[in-house]
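You will see chain A twice below: alongside chain B first, and alongside chain C after that.
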Partner chain A sequence: MSRNTRILMSVIYWAFVVYLFVPLVLMVTMGFKDSKFIGFPIRGWTLDWYSEIFRSAEVLGAFGYTMAIALSTTFLSLVIGTWIAAFLGPHKFRGKLLVFALACMPAVIPGIISAISLRIYIQFLQIDTGMAAIILGHTIHNVPFVALVVMARLATLPKSHIEAARDLGADQLVAFSRVTLPYLKPALIGAGVFCMLLSFDDFVRSFFLGSYQPTLPVLIFAKLRSGMSPEINAISTVVLVITAILGIWAERSMRRMNKGTSV
Partner chain B sequence: MSHDAQTIVHIENMTKRFGNVAAVDGLDLKIRAGEFVTFLGPSGCGKTTTLRVLGGFEIPTEGRIILDGADVTRLPPNRRNVNMVFQDYALFPHMTVGQNIAFGLELKGKTKAEIDARTRELLEFLQLGGFRDRTPDQLSGGQRQRVALARALAPDPKLLLLDEPLGALDAKLRGQVQVELKDIQKRTGKTFVFVTHDQEEALTMSDRIIVMNGGKVEQDGTPEDLYFRPQSRFVAEFIGETNLISGTVRGMENGSVLINWNGVDIHGAAHGHRPTEGSKVTASLRLENVLCHPQKPANSNAIEGRVVNRLFKGSRTSVDIRVGDTGEGALLKAYLDPGDASRIRDDRLWVNWDVSHLSILQA
Partner chain C sequence: MIQTDTQRADERDTVPLSTRRSFWGAVMANGAYGSATGLLFKSQRRQFLLLASVPILWILFANVGPILQMVRISFLDSYPPMAGYQPQLTLSNWNNFFAESIFIVPYFRTLAYSVVFTVATLIITYPVAYFLAKHVKRSNQLLFLLLLLIPFWVGEIVRTYAIMILLGNNGAVNLVLKSLGLIERPIPFMYTSFSLGVGIVYLTALYMLLPLYSALEKIPNTYLEAAADLGAGAWTRFRRVTLPLSKEGIASGCTLVFLISTGYYAAPVLLGGPSTTVFAETIAGFFHVAGDQWPTGAAFSTIMLISALAITGVFLKLMGRSGRGLMQ
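Take a look at the complex of A and B:
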């Protein structure tokens, strides 16, 4: 590579970094602005917006609600996704590909379409809008990701490990829980965090399937309509920090575990 | 069914088919308690399948497996008292060495104290003392192999199955582990059923070798039997290097068989069969059983020949000898010791052998 191309490459690289991070930096900065309006110039700084959101029953309620939905969704998605992966992985049967394609479809259907169809579907099932409906919608959306990640991991589990467990006296269930599950742990952590983020972040499905109690994204949307205020930036910053911590933790623990299992 | 105390497992007329392919075809044999038995054969001959049937991982298409007097043919692996050392060791990566060894004991419902004592005993027995708290990825190949062995021995199985457990080790370590493994088998007195396609390994370690070919038993005997008294051409060729001698039977002479081999008269042992005069036979003569002399030895039926090819191989020299004075003649391979190599001239030498070493093979 010539000197000029190298310089050009690093300019492009940094331009891209700036392009990615400026919006985030702006958002975080505005959350500390001592004024009701978002925008420059900034004349004073304050932490009021943060103390306000931590005292606001509305924000805290939405946060708790969203968290509860995300946790339930993650749990359900992991159980169902792992079950599908474990069932589809080793067994050979007619129409396996079809079942697999059907199971994966919710992941690629546009959010708005799946939201509308789910809304119709819950009416048909006579499930009220609200938490259960949102959890149902999120789970259907997340299961394919879990199944794919778990299946990829499962494919690398040597058959002899299960056989060794059986050989040493484990029945199928014990072999699954004591050998297969620990082997899947990094995949489950990764998929679980991904489910949390997908669910926490989801707007369209939560909007269509929710009732009076808004999830955090829906609340932010509602607040936006009454004008942009730094309060929104403060909420978003908190969400950003939590998400980043979760992501980094998942990445590190997956890396650590993958290292240990590559025997 | 007769069951004598010595027999630990009886494979009764066992056939295992995968689709149309018979991986094992009518295998019938008894394994005695405390034996080191090796299944030896080329790739695809059904060794692994036989072992997997014994372990409970495959259910035979026909036949039965009688383990210590009880029919276990259809019992799953977790319900039979047999353990296996896998080719890739299959150590549980998320467990320490100690936990791996304890796994089978826990599932047998042993108490914590019993498990601890047994684990400690095995770690010591297999010289793994300092490795209890390591995970498998922190061990060398040889150490992993020993952990796999310890784990399989822990529940005190009636039968220990080993499927090419040395395949993953490098040549040098392999030789060392062969000796160790044989020693462990002797010290535990356990019945080992070993699988390999390496004839040298089989000869070194086994009390008894079962040579398989195409799902069937080719020969069943001690290493010496197989090496010096092969019954078929397949066994003779598969184990070690040999001279295959094809000729016509001329008759019996002093209990040995007289064979015309490309115009040369030679003597051989029938080892049980009775070849008829005039029939064509093939016999096997090991290279190291061909004795070479610079002069014609007194009162022996040594035959004359000349060296057509000499290959120096360090501790010995390998030679190709053309015997008989007809133009075509017959070719014999032999080894010369360093002392003989210098004394023996290429243009003229005599060869003979102990009659019992020239074994006539079944057609």
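Take a look at the complex of A and C:
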């Protein structure tokens, strides 16, 4: 590869990084602007928007609501996703590809169609819009991601470990709890944090399945519709910081898992 | 007290050596646990059914159920059900689609946008993925990749808002252009297909980048060296070696980005204008209004789903592979 192409490539890469970061940096910056008006020029700085949102019952309520939904969703997704992985991973049976495709389907269905079909479904199941409906919707969406991550990890578990446990007197359940689960731990942590992220950031399902109490993304959307304001920037920045922390955490545990696979 | 202690001692003697004194040993020694698991794990077949039950039921309930309901509702003349009225089967919801251009135009616009945005994402991210996979030292690749990942953890709404600030009349782009003396009045980027495109590419780039990166990373450098030794120039090496070997990544990436970009709702609402209404907004409109609009919305959703899946199906067929590797 010639020197020029190499330089050109690195320029494109860094330009892409700039494209990804500049909008977010701008958004964070505007949250400290001492004016109600979003945009340049910036004449003064303030922390008022932050002190305002940390005192706002609306924002704090939405935050707690979003967190509760994310935690419940994560727990349910981990249990169901791991179960699906334990079933689909090691077993061979007729129609496995179809079951696998159906299991992955919610992850690739376009967002609006997923939201609309779930809105119809909760009506059919007589579940009211609100927390339970959102948790169901998010769990349905997140389970495939957990199943895929856990399946990938499960594929690297040497069969001999389970056989050894069985030979030493453990039955299937004990072997699963004491050998398989600890082996899956990094995958479960990674997938769990990823679920938190997906749920915390989800807009379209929360929007169509929610009732009067908004989640944070829905609240931001509602505020945006009535105009841009630095208050939204402050809320968004808080969301950004939380998601970045969660994301780095997920990334680290996934990387540790990949390191540990070469057993 | 004394009695229970002796009982425990008795029990301990009957328990096999291997399970003695541990929590799990105690669990396994428990009579109720033993009979329950004995019943459940008795045969291979029973174990398999036990393991299969929850996944199969969940997939039917959670993944298949909503789609089937949506399709069913699309054939009803009223939904949600009203007291004392038995909904009749009808095709009129599906006919609505062909009856009015205000429905057909957003539909085709969505498909056209999604194709254009997918191609744009591919063109933008391919060099980035190539640089990462082939020019960055392997030990640094994760760090460089992480730098790209961080913005994608931020949710759809926050990133859409960030693009609004970037492209607004008093936004950064206009500020830069103005200070360079290129323009006098701000260019109205917002609420056009341009702002929508910038937003969608911003939202979806990762779904293209990751499959491309993992495909490109797998191409052995020796192949490229061999091609160079045989006299192939940079362009020929790219066209005859790199491109064909990254086909799988291109196929997965394009499929994901296409499917995802047809489904965005908030981004078109916030970034687009009246001339860029996409089908997601049309569909959503039927659910904001109360009453008998739901079946039409359901029919339109079904049309969208079938179209999106059909297009990706044809695309994957053209790329010469089954959908098997889609989720890798």
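As a working rule, the second predicted complex is superposed on the first by the 244 of 263 C-alpha atoms of A that agree within 3 Å, B and C clash if a C-alpha of one lies under 4 Å from a C-alpha of the other, contacts with A are read in each partner's own complex, and residues count from 1 in each chain.
In this section, a contact is a pair of C-beta atoms (placed from the backbone, for glycine too) under 8 Å apart; a residue touches a chain by one contact, two chains touch by 3 or more.
Predicted, not measured: the structure shown is a model, and the values here were computed from it.
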Is A:148 touching the first partner chain B, the second partner chain C, both, or neither of them? second
In the overlaid three-chain picture, which partner chain does A:99 touch, first (chain B) or second (chain C), both, or neither? second
In the superposed arrangement, does A:170 touch chain B (first), chain C (second), both or neither? both
Is A:158 touching anything from chain B or chain C once the two structures are fitted on A? First, second, both or neither. first
Could you look at A:135 and tell me whether it touches chain B, chain C, both or neither (first, second, both, neither)? neither
Give the label of whichever partner, chain B or chain C, reaches more residues of chain A. C
Can A:217 be said to touch chain B (first), chain C (second), both, or neither? second
Answer with first, second, both or neither: which of chain B and chain C does A:119 touch in the superposed model? second
Which parts of chain A are in contact with chain B and also with chain C? 168-171, 174, 178
Note which residues of chain A are touching chain B in the complex, please. 158, 160-161, 163-171, 174, 178-179, 182-183, 185, 259-263
If we count contacts the way the header does, which residues on chain B are in touch with chain A in the complex? 55-57, 76-78, 82-84, 86-88, 90-94, 103-104, 107-108, 135-137, 144, 151-152, 155
Under the definition above, what is the set of chain C residues touching chain A in their complex? 16, 18-19, 24, 27-28, 37, 41, 47-48, 51-52, 54-56, 58-59, 62-67, 69-70, 73, 79-80, 124-125, 127-128, 130-132, 134-135, 142, 144, 146-151, 153-159, 161-166, 168-172, 175, 202, 205, 224, 234, 255-256, 259-260, 262-266, 269-270, 280, 283-284, 287, 294, 297-298, 301, 304-305, 308, 323-324, 326-327
State the interface residues of chain A toward chain C in the complex, per the touch definition above. 1-2, 5-6, 8-10, 12-13, 16-17, 19-24, 26-27, 30, 37-40, 80, 83-84, 86-88, 91, 97, 99, 101-121, 123-124, 136, 139-140, 143-144, 148, 168-174, 177-178, 197, 200-204, 207-208, 217, 220-221, 224-225, 228, 232-233, 236, 239-240, 243-244, 246-248, 251, 255
